[in-house]
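Pasting a structure below so you can have a look.
The first chain written gets the first letter, and so on, giving A, B, C and D; residue counts start at 1 in each chain.
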Amino acid sequence: MNTGLAALGALLIGASGLVAACAGNAAPALADRVGAGVLGAGAALAALAALLALAGGSDTLAGGVLALDALSAVFLLPVAVLGAACACYSLAYFPAAAHPREAPRLRAAFGVATAGLIVVLLARHSFVFLAAWEVMAIGGFFAVTAEERQREVREAGFLYLVSTRASALCLLALFALLFAATGGPALSPLAPGRVSPALQSAAFALALVGFGLKAGLMPLHVWLPPAHAAAPTHVSALLSGVLIKSGIYGIVRVVSLLPDAPAWWGESLLVLGVISAILGVALALAQHDLKRLLAYHSIENIGIIALGLGLALLARDAGRLDVALLALGGALLHVVNHALFKGLLFLGAGAVIQQTGTRALDALGGVAKRMPATALCFAVGAVAIVGLPPLNGFVSEWLIYSGLLRTIAAGGGAVWVLAALAAPGLALTGGLALACFAKVVGVVFLGEAREPAAQATREAPAAMLGPMCALALACAAIGLGAFALGAPLGAAAQIALGAPGARPDAPFAALSLLALALVVLAGALGLALRWRLRRSPRPSGPTWDCGYAAPSARMQYSASSFAATLVRAFAFALLPRARPPQLAAVFPAASSFHSHVPDAVLDGLVLPASQRLADLLGRLRVLQRGSVHAYLLYVWIALVALLAVSGASR
Amino acid sequence: MNAADVLLALLAPLLFPPLLLGAITRTKARIAGRRGPPLLQPYFDLARLLRKGVVRSRTTTWVFLAGPVVALASAWLAAFMIPLGARGALIGFPGDLIAFAYLLALGRFFTIAAALDTGSAFEGMGAAREAAFSCLAEPAALFALLVLVKLSGSTSLGSMLGPELPQLWAVGAPSLGLAAVSLFVVLLAENSRIPFDDPTTHLELTMVHEVMVLDHSGPPLALILYGAAVKLFAYGLLLVRLATPFDVGGTALGAAIALVELLGLAVLIGVVESVMARLQLVRIPSLLVGAGLLSAFGVMLLAG
Amino acid sequence: MAAWLVIVPLGFAALAFATRSERVRPWLLPVAGVVQLGLVGLELAGFDAGLGRPWLGLDPIGRLISAYLAVLFFLCSVYAPAYLAQRAERPNRVFCAVMLVFFAMMNLIAGVQHLGLLWVAVEATTLASGPLLYFNRNPRSIEATWKYLLIGSVGIALALLGTFFVAYAALAGGSSTSLLLPDMVATARQLSLPWLHSGFVLALVGYGTKMGLAPMHTWKPDAYGEAPGLVGALLAGGLTSCAFTAILRFFQICAAAGEAPFARSLLLFLGLASMVVAGAFMVRQGDYKRMLAYSSVEHMGILALGVAIGGAAVFGALLHLLNNGFSKGVLFLSAGNIHRAFGSKRTGDVSGAARLLPASGALFLAGFFAITGTPPFGTFVSEFTILTAMLQAGRYWIAGAFLSLLLLVFVGMGSTVLAVVQGDPPERAQATPYRDRWLSVAPIAALLALVLALGLWIPAPVSELLRAAAASLEPGR
Amino acid sequence: MGELLDLVLVGVLLLNFALLGTSRLSAAIKFAGIQGVLLGVALFVSHEQPGFRLILLAVASAALKGGVIPAILLRAMRNVSIRREIEPFVGFTTSLLLGALATGLSLVFARSLPLMAQHAGVLTVPASLATVLTGFLVLTTRRKAITQVVGYLVLENGIFVFGLTLVEAIPFLVEIGVLLDLFVAVFVMGIIMDHIHREFSSLSTEHLTSLRE
């Protein structure tokens, strides 16, 4: 019944674009509303199903081809929430009236991709899974390339398409392997010892690459930043918020199918996670483009999630079920949280971009004064993503941390060393994320606009503010309502770990109380200050600039300069490129400073390598020069060669 | 712990911190051969500031005021997590050391935001430095705490620093020693003391923390100074408890001893500030990384 | 029944040749298509006039191929009038008549049971398709036709020698031979192996030339590049499949003689070679019709690979034959429309097809996704089946190569296709007369629907046909 | 009869060399024609008591290969009034050497295959293979389109020679079909050559290299 609900929801969401089209492109506004409405209805159904499933009502549909259990539900819930939020947001952000040609296609692609994602979460049959996966990927492709008039968008789209196909081929191999091993397409847990360990490891490796490509684990992340930068912002929100999580879901699901996991699975996940987390956030810190910055933060958060997953696997092998539950619970909760606050951040960024017309951090500034509500929502998202109390990010990171700490406290073995390195790594990640988002909030929303053109004009419309506020409230709710999380997280984690009845033993109530205390204390202090300052004059006079006569907005600390120290500290990994100003004469001419941090993997490895390969293959073209004599010669060479082979085989 | 202890644990973080600032200033003055301001001068300053009016820049928003408030609130909560003496942490639960670190991080986040809110190049500079240095300080602190976690097998500050701390010293003295040293370095860095930052300098270009609050005045500035003191108190309490692990039984007595030790720490800081020069900014990261490696080494000693 | 499947189109060919009106003539093609569909329906229903036995007759493979050909030809023939109306400047009498002869000969290949006659039929298709290729009557098409005829004929000649060798193998083996497939299969055990091996190699190279397996594929890009999209669809969908059938005939004999492993090793080699060559030449391919030709080479490679792996892969290969044919139909016909509208087949001059020709552009893109094995299209199912069989057979390296080549092909093809479909159309294109019409798009959509249907659900009779045909290629099972 | 057949086949082999050696286009065409006629004779002499259908087939093939097709080619040659020389990629001596090599190889290859008793002593199989290879040589080393047709013709002749070994096996209809196909092929090629000449005013295949990567 729940599964049916979810499937119905998926159906509605997938059809939303079509329905809207039927509503008619003659009345674009109407079509927008109808599309969003249908999608919203489907999302509501899906969300309801997810909640029911989390409450313990897992069931199957169509003879087990589709099924909805707590594990799927944890991933399904944010899909529904964020999907609806983005659909509503698009009413004002990407209306058909403004984009008569693109909007209907985008609407359809958006719905199809979301529906495909939902079916991926429900599928228990390899063909259905792969089909839904590909539908999701292709729908995502069309959503990303909605504005394919721009060359940059086309290139990003192609990169996305190629990497998604690479991942799909890995999954094809993976499921073919399972099919060959089990003799059936059903995705049901293997009996221990049924399949050889080597084969299981091969399957896991394929899953790691295939799903890792989709999730954006370093170094498989190359497609992610360009695609997020190119896509319309609400699509970026969906991509980064939930779509890439399908990769995480896949890894968890596959691991839950394979009974006996050797240690290296968990170790590789943990190490990849730490690398992704640290390098992801370091690269984010170095970005000049608001959306690329957020995209790199997705890589960081995926890394944190992978870290939790790996720890959970290792702990399960070591028989520390409590640690495994903490780590996996944290990872799963972080999946939900990241969907909420990253969605929120992208939507906020979209509002800013729409108002100011630029994504360049070094042009922005002072947005908060014209868009206070947007600024508040974005700030909430920032605090949440940095993992600070009292918001949701803190809870999930806390769970993963305490998993690590318990491992360390227990001591012994390779796990201990990894954990002892991962915990400070996570701390470093947290510090860098703090620096990065302090920078974003400060540079975009506070101070003054650095370019006059980038001056925000007015607050975002209600259709965009509404979803942002909803997401911000959700972040706060999870942060304050942590006490309610134990049961659902346990329900989901025990499926992945195959440990029925277990639930993470964490002082969720204490976390709630702490958050509450913080809110109350800060609130009280704030009110007291308000009261004290009630009679003090309105803001007056310029900022004290230490005696400098004519301060201008251009003199503010820019995003790049804010990050400079840390970027230099991580130069060994980021390989920044800077063009310093040339001061030649006594009275030097006007000069400029330019800095840029390339993506080491994409610009340093993937693109050159593919160029090289293409050139190499190009060499073969001399074989096809148009001479019919040569062609006939090939025929004879083939003949003689095959005859020789067959003669030799005798 | 009984009502009196609770009251003590509640009041100490509220009332005691400014005294530390006073002690430090006094020590430095004495070493410099001056008499220096009275020990209670910080309290007077706070009272004066609270009575003053406020001048705010046109550039600023609500964030400008939120900064001091959140910083102080989070610093208080953090301070409540450290036991006064062997026992008697007001807040304590498994894994609270993470909460401790993240509360202080929250304060930092808002302080930085408030600084950037003014749109001043200098405050931006300070904010950038604050962010960068704390990034490096945090892993160092965590490594130091990991030593305690490994030895005590617990993840709650209250029990890690609790009565059985002496036994831990008996087991892992070298590691704990290294941890204590690196914690001291972190303390100096996080509370912007020499050699990392000179609270009394007048050259904005070299400031870290002070330059971030240039535009604050009146009550908000008071909150900032007070919050900084509370933060120093929290770190100091953690450090003295780690460094002097003995347990005298009774909560109140233990608390009293701890506070005295804190004053001692303040004097020590004063001495350090008087005998050392401020580091070049570019050299600071390496010092923090060094501290981190120190405590990491401490952890590695416990491997296996 | 096989005889009628050949005679009826020939009759229509004569009719088309006799018809005077240029505008009426093209409509004979769909009529013939419908009639053929009816005949095939009767045949599948079990009705059989035993004319032409024992030389003609439909075994499972023949039944499958003739049914497939009827469907493919019908949809192409529905497209034909719209196309020929576009090309009113050209007389289409020869075109229509020869196309029907060509179709008849393909049916003969499907229905023939005699190896000698099989050869005659294949050579006849070569000769009949010559005028079709030459429809455009420009230097480039002359060159393409010349190369096609010469290479094709030489290849076919080798196939004839191969046929003779196999016949001699029977004599040398001490048994008489009639070159009738059933007898050959029945007496295969007595065949003299050296002659059989050499004969199979010759037939493989000969018919492989026709099928377009690398390295005998060289005529393909030229021919497919210059032929009208309609002809391209019939060549890439129909003729290659017929050549594959011819190879399957010889494979049947080899398998019956217990020499399947030998034949498989050769097929495996040629299959991988074809995929490699196709992938290499598709990268940075600036001409989207030549790109389709290389894609055809690739999929011929996949067919060979499927038979080479054996087991479930044979089923997969036969299914892939249908999927590939229909997808190729989609691609060639929509590419033809795009070519008409933009007046060029260089990606440099063509962009924004989705804007200028919403339907054809979308179908071209969809065809790309279909041919690259994207679920839920049928190609995915067939490729999945082949891959699974590879893994079950423990041929992991081959599976790895297979997948990486699929990726390479996807990259190469994708960049070209997207360059054609995305972006803004150039100004010149606005001037050209062609825009999407109902008749020039609906057949393509129908073909696409077929591929999709094969992916979602294979009807019982079809899967029965496939299974029977696969079984006849797997004597062991 | 074996000796007689061998005699004919030796003639066929000699004609191969003549073909490779000659520099005159018309000569090459005529040699191919004569070879065709010899094949008819060979078919006739390869059996003790040739039946009616054998005779018919012999006559038909002799007529086609020795009469019709050379006529077509010569006419085409005259129409396009091309230069009468064969323009080879490799010189005539080299071609001859290659031809000799090919003949030798085919002898070896034929020996490696288990021949039936009645063919063991006879030249049939080697001659056929040698002729096939000669046809291949002409196809790949001669520049003019028309010479390539000649090469194709020789190739077919070689296969036909092999056909001598299994006249019983191959039905009459198929033989006729083969001949018909050959005829149509040459006919169509003739038409195409005509067009080639009209477009490029030359039959050299060098103009036919515009389709390339």
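Just so we're on the same page, contacts are C-beta pairs under 8 Å (C-beta built on N, C-alpha and C of every residue); 3 or more make two chains touch, one makes a residue touch a chain.
Quick caveat, the model's predicted, so the values are computed rather than measured.
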Work out which chains are contact partners of both chain A and chain B.
none
Target chain D, source chain B, minimum contact steps
2
Once every inter-chain C-beta contact is counted, which two chains account for the most?
A-B
Could you please state the distance in Å, as a whole number, between where the Cα atoms of chain A are centred and where those of chain D are centred?
70
Just give me the whole-number Å value for how far the CA centre of chain C lies from that of chain D.
31
Rounded to a whole Å, what is the gap between the Cα centroids of chain A and chain C?
44
Averaging only over C-alpha atoms, locate the centres of chain B and chain C and give their separation in whole Å.
78
What positions in chain D touch 2 or more of the other chains?
112, 139, 148, 205, 208-211, 213
Scan chain B for residues touching two or more other chains and write them down.
none
Could you list which residues of chain A touch at least two other chains?
621, 624, 626, 628, 632, 647
Can you identify all of the chain pairs that touch?
A-B, A-C, A-D, C-D
Enumerate the contact residues on chain D facing chain C in the complex.
112-116, 132, 139, 145, 148, 152, 155-156, 158-159, 162-163, 165-166, 168-171, 173-174, 177-178, 180-181, 184-185, 188-189, 192, 195-196, 199-200, 205, 207-211, 213
Contact residues on chain D for chain A in the complex?
89, 112, 136, 139-141, 148, 205, 208-213
Touching residues of chain C toward chain D in the complex: what are they?
114, 116-117, 119-120, 123-124, 126-127, 130-131, 134, 137, 139-140, 142-147, 149-150, 153-154, 157, 160-161, 164-165, 167-168, 170-172, 176-179, 192, 194-195, 198, 221-222, 225-226, 281
What residues of chain A sit close enough to touch chain D in their complex?
621, 624-629, 632-633, 636, 647
Contacting residues of chain A [partner chain C, same complex]:
127, 130-131, 133-135, 138, 145, 148-149, 154, 157-158, 161-162, 165-166, 168-169, 172-173, 175-177, 179-180, 610, 613-614, 617-618, 620-621, 624, 626, 628, 630-632, 634-635, 637-639, 642-643, 645-647, 649-650
